[in-house]
Amino acid sequence: MEFLYYPGCTLSTTAKILDKQARSIAAALDLSFTEIENWQCCGATFPLNADEIAPKLAAVRALIQARNQNKPLVTLCAACHHVMKQVNHQAKNDADFRTAITSYDADLFYAGEATVLHFMEVLRDYVGFDALRDLLEYPLKGRKIGAYYGCMLLRPSDVMGFDDAENPQIFEEYIRALGAVPVSYPMRNECCGGYRAPEDALGCANLVERIAKSAAGRGAETLITACPLCLYQMVEHSGGAVDVCYFTEILAEALGVDDDDDDSND
Amino acid sequence: MINIVAFCCNWCSYAGADLAGTTRLEYPPEVKIIRVPCSCRVDEQAVLRAFARGADGVIVCGCHPGDCHYSTGNVHTQQHMHTLFGLLEFMGMERQRMRLEWISAAEGAKFAATMREFVAQVAALGKNTRYGATLDSAYDNTHAIKLNSATIKEANHAVHEQILPHMRARAEEKLTSGAVARVLAWGSGAFDPSPAPMLFTDTKTLARMAYNPFCAANHSKYLIEASRESGRTLVFLRPCDAHNFARLVTENQIRRDAVCAVGIACGGCLLETCHTCAKIDHPMVDETIDIALTDRTAANPDARFADIEHLDGETPDARYAFWQAHLTRCIRCNACRNACPTCHCKTCIRDGSHPMEHLHFHITRAFHQAGRCTDCGQCGRVCPQRIPLHLLNRKHIQITEEEAAT
Amino acid sequence: MTRVIIKRIGVFVCHCGSNIKATVDTAAVVDAIQSDASVVHAAEYPYFCAEGGQQSIINAVHAHALDAVVVCACSPRMHEATFRKAATRAGLNPYFVEIANIREQNSWVHKNKEAATQKAVQLARAAIAKVKRAVPLFPGESAVTKRALVIGGGIAGIQSALDIAEAGFEVVLVERTPSIGGKMAQLDKTFPTLDCAACILTPKMVEAATHEHIVLHTYTEVEKVAGYVGNFSVTLRKRARNVDMQKCTGCGDCYAACPVKRIPNEFECGLSNRAAIYVPFAQAVPNVPVIDRERCAYFRSGKCGRCAEVCQPGAVNFTQEDEILTIECGIIVVATGYQLLSPDMFGELSYHDSADVITSLELERFMNAAGPTGGKLLRPSDKQVPRRVTFVQCVGSRDTTRGKPYCSKICCMYTAKHAIAIKEKYPDSDVEIFYIDVRTPGKNFDEFYRRAVEAYGVRYIKGQIGKVVTTGDKLHLQAVDMLEGRRYNTTTDLLVLATAIEPARGAKTLAQMLNTATDTNGFFSEAHPKLRPVESATAGVFLSGACHGPKDIPETVAQASAAAAKAIGVLVKPKLVTNPCIAQVNETQCNGCTICNAVCPYLALSRDGERGCTTVNAALCQGCGGCAAACPSGAVDLLGFSHAQIHAEVDALCLQPTTHANAAPIKHTNNAHGGTTDD
Amino acid sequence: MTTVMIERCMTCGRCSAACPVAFAMDVPPHFWAVRVRQGEGESLARAEAIWSCLACFCCAARCPRGVRPVELAEQARSVTLRKENHTATFADETVLQIISKKSGKAIPQQLIVAAMRKKRA
């Protein structure tokens, strides 16, 4: 199965490890990932003003490539994923938006035809968790792992279509497939406060503490996340209450493709 | 003075008109109301009749969607009138002369306002001379639109040649075993390009069976008669034949159990409609012969509505002139209705009507196929006057498809 | 139908005082229409609707041997019935009367006298043209099967069944579960009087089961409905209980002996367990167990049979099969009730995550003395009495995104009831209620709610809960207090969700079987929201209770009795009179293509396979005429509004009056649609 | 002025109950739609709350009426920024601020971009 891969700016800088792990996993699972040509930063946030067109064009250009090559567009970073799905949804459902992008640049004619997938959705829907279980070299027996979803993968749920926004299960099923014990805790879909990180360290610490406590209270030893900003926030503010890593790390480990090369996560 | 006929449903619009009266809301006396139990009672004949007798505008009024006294009557009204008005417009009648409006029993003011507006709109157009009471001899033939219809493309004769032996073999096998009493297939005529549907009952005659790009007749209609004979009938159906076959079975015209239906691959024939045909499936058949060979490479389904759009782009005057030029040549030979697989009424509603009503005959003929026509193109094919009758059908197909898409 | 050739028409032009006469020159109308050869008498009069006016029409019919009457007057919606009765008194068929509406649709909406007069003449001519093509019509009759079918054995169905049975008609009461009683049987107390639900319901259940006119079928579902008002034929599937109803004594030995015990009890909302052979609750009617075949060890593996061994009367019967019954009945009462919306889609409230988040129906079971805790309110997690109980209203109600757009109507009141009940039982406990609006319209309702606040100290907080987090034995609530305008974070021991109510499972399927409509929310639609609130759009199908929308018990019972009264109104009739203006099929023209069948909203048309043509069920046809318009060959016509009549009206209105006045009468061919050739 | 369906708000308060930071806001989310509806959008634009919004979408996700307060916050922010004609310089300062404060640590790129977006007119 062939996919177009959109790494995004964070995965090219501070979260190279996420990129690397994903690529090794894809190779191990026989998924063909072609990096999208000349990609531009997605903008990290989806503008909620109807009149802001320019910040969405980078996403439109990536989506057009996916449509033209007739391959699903795969993302890893929660922010990129959020922006891609939001822009795709708007292009599909908002005729004014379509007119606006075409007026901006006549080459940009796009109506939401591409499919946007998160790497986790590829694992679930194209590989299958059951098939994944059979491929493991080193199942994570007995490990207690909690999923930290954060905001951007889940909400708004009608656009993201990722999972039930209030009681998501996809990461838990993934953890279970890897042989570990999923730890479900109520705060797993709450916000880490990332958007306020520059100006309000105290507020962020507060939010992260509530999440970490909730997870630790249910016995999670490790938290996995798909978002570099969530990971950064957890590392910054949780005071080491729980161990946090990318969701790809545990799979790389279980598959035995984790080559421990640490050019890395910091 | 113009003349407007308003068909009003008893429960909403007629009561709304009464309310306009009770509250003394004036509207022009050109409007005359005919009371019907439900707007769905208004058929195309009533509307055509009104125009034929000199009405300059027709308005049909019913309950708002969801409020129908008979629960879903107005849904049918909407479908019927939308199609009928679209067809008339396509044939050059001004759309402003026809209207469908939802008016509730509480909307006296809306009734009066609608009628004022509609009368003004029709008055601006003046008396109706199109498809109306008087024959309009003033049309200018020089305006007639030239269609850039699909040019005849090559059919894939290889497909036909490859399949014909299999067809003969299947026919022989079934006739010999007694599984069927007759076989309906094309038989070669005196000349090569004139194969016609034939009933084969004797294996000795099977050599006459033909399958080539000139096999234009649609088999399905012949099954109406054949399936009523004793014993089963084997029939060979291309996708177009099969679609009409399924339609006729659904409409109880073909006794399904009396037919052994064999789907065959189609290489296309030299029929106008083949050039935009996208059908490759064979609904309701019992068995198939090499249907994977069906070749649509020469067809261009995207061009299906090209002529329609071309005509739609013209002015109503030009469209009217186009259809006048064609339809006044009609000699009412009824070949179109005899060949049409969905025209199967025992008696035709338009039998014995006035020459002016030839025009209405064709509107009616096309309108009655709405939602049923499979675009097989037989109507246009058989017309000795070369009237492009299939365009009327395609117009309502376009209307229906657009409606389904919204 | 014999065609009567109408040759002698009388036209009566009414002045309606000055209402018509002021704008229409009535004398000119009388003059003008006499040019029609068929009009043998024409007259004007100030008020034809008055007794004198009617009498003058009757006299004219006799004097001039009229065979039809046209009245130019007010709207037929006003006096058509009056003039038809007058015609009947004069010995004419009432359908030989046509009205030309020259008041509402002429004199009242036009000012120009000349134009209005001319239009009046045209309208009169249209009416004359129509009546010429009239045929005598006679209302049909159909018999009434003197039996009612009530679907659903909750309080609504029980009440309707009892009322109809008391009127002396036989009733078949069908219930899907093993016992009648419905949701009310699960309740503890009822608002606003706090009387015990079981105490008032169980006597009614027993009465329904023992009533001489009621036949009870529990564990039974409706499979198919055929027929029409007065003559329904309903197919029921009576599921195999595997216990002989006659032999069983209700001793209970079987379920005590059953080794399969850990099945969540549906009646107890899964809060306690039952065996594979069980009665749903102690007061079940009938008190006869059923075997849950999916769980029963005998049915799963063929091994066991303990229940049969201990059953002394030998009532357990593993070979029993589903039974198919056909019930003939005259009317059907739908009383299928409601169910609770699952709170699973509101994940932030942690119903899935914490045992101490429960629904209000689960709370009813905890509070009920016959419930899983014997009436003690114990939190599910640690079986301790909660010190604080928090309620949240509108979980899924008034919610256009994840829930239902409507107000579930009963939650405000039952939550107040729960609060009072908890305070009564545990006066030291702390009860807090989050609400959006408190809605208490109803007799003694607001007083009851105020009592909760004033006498019991229940704390009402205008606000909602946004997130519930469980840590240890506490539920942490992230909430808002709207009156304070700020966030309110608190903890509680037990959280009760007032989840929205929705139509019972299968309501939509049943509605399709009955060919009646449901609203956008899946509740059964009434025929008219104001004037026919307990009738469905399908004649002979009546609505009882919450199948029609959220309702409390008093309202349900009131509607159940109303439905019963309407039903009895049909059942007492010796014959049903049918509307004569119905579809008619010309069988020689019909080729049985069934295009018309598809447009009929009442399934009144069907193809007669033998004759190969469509036939009309006169009892079902409501006379909309959709079929007549749909038929391509004109084989279907609508009596009273026939093709010929409508075309004649069109001709009269469209052909220019001047030419028309001199023209010969329009020729009419036998072919209903056939064009005439006179223009 | 807004694409948010403010008229649907029935002031149930679920947005403020859902918001992880409403407790610290001068004007909690349940007031937002009402303020705009009453023509007091200006006062919302002046509120500190619109800057403390995390854009986490909890308010929108849990609103029973499909109102999206989160969008109002962003729209109010843009109104303010556009009025005050904030330029790129302001945003760049913010970025510098982040980087200087956290120097030496791995600040994810997306945070820098998001912060620029938030503060740029």
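Which chain is which? They are A, B, C and D, in the order written, and residues in each are numbered from 1.
As a convention for this text, a contact is a pair of C-beta atoms (placed from the backbone, for glycine too) under 8 Å apart; a residue touches a chain by one contact, two chains touch by 3 or more.
Because the structure is predicted, anything quoted here is derived from the model rather than measured.
Removing chain C from consideration leaves the other chains connected by touching in the groups A, D | B.
Looking at which of C-D and A-C shares more C-beta pairs in contact, the answer is the pair C-D.
Set against the C-alpha centre of chain D, every other chain centre is closer than that of B. Between chain A and chain C the centroid-to-centroid distance comes to 50 Å (mean Cα coordinates, whole Å).
We define each chain's centre as the mean of its Cα atoms; on that basis chain A and chain B are separated by 54 Å. Work out the mean CA point of chain B and of chain C, and you get 39 Å between them.
Residue positions of chain A touching 2 or more other chains: 165-166, 190. Annotation for chain B: no residues touch 2 or more other chains. For chain C, residues that reach two or more other chains under the stated contact definition are 348, 467.
Because contacts link the chains in a way that matches no line, ring, star or complete pattern, their graph is best described as other. Chain pairs that touch one another, listed by label: A-C, A-D, B-C, C-D.
By the touch criterion stated above, chain C contacts chain A in their complex at residues 344-348, 350, 352-353, 467-472.
Interface of chain C with chain B (complex): residues 75-77, 101, 103-106, 108-112, 115-116, 118-119, 122-123, 126, 517, 537, 581, 588-595, 599, 601-602, 607, 612, 622-626, 628-630, 632-635, 638, 640-641, 643, 646-647, 649-651, 653-656, 669, 671, 673-675, 677, 679. By the touch criterion stated above, chain D contacts chain C in their complex at residues 8, 10-19, 22-23, 28, 30-31, 58, 62-66.
Contact residues on chain C toward chain D in their complex (touch as defined above): 348, 394, 398-403, 436, 462-467, 478-482, 485-487, 489.
Those residues of chain D whose C-beta lies close enough to touch chain A in the complex are 3, 20-21, 24, 52-58, 60-62, 68, 70-71, 74-75, 78, 94, 97-98, 101, 105-111, 113-115, 117-118.
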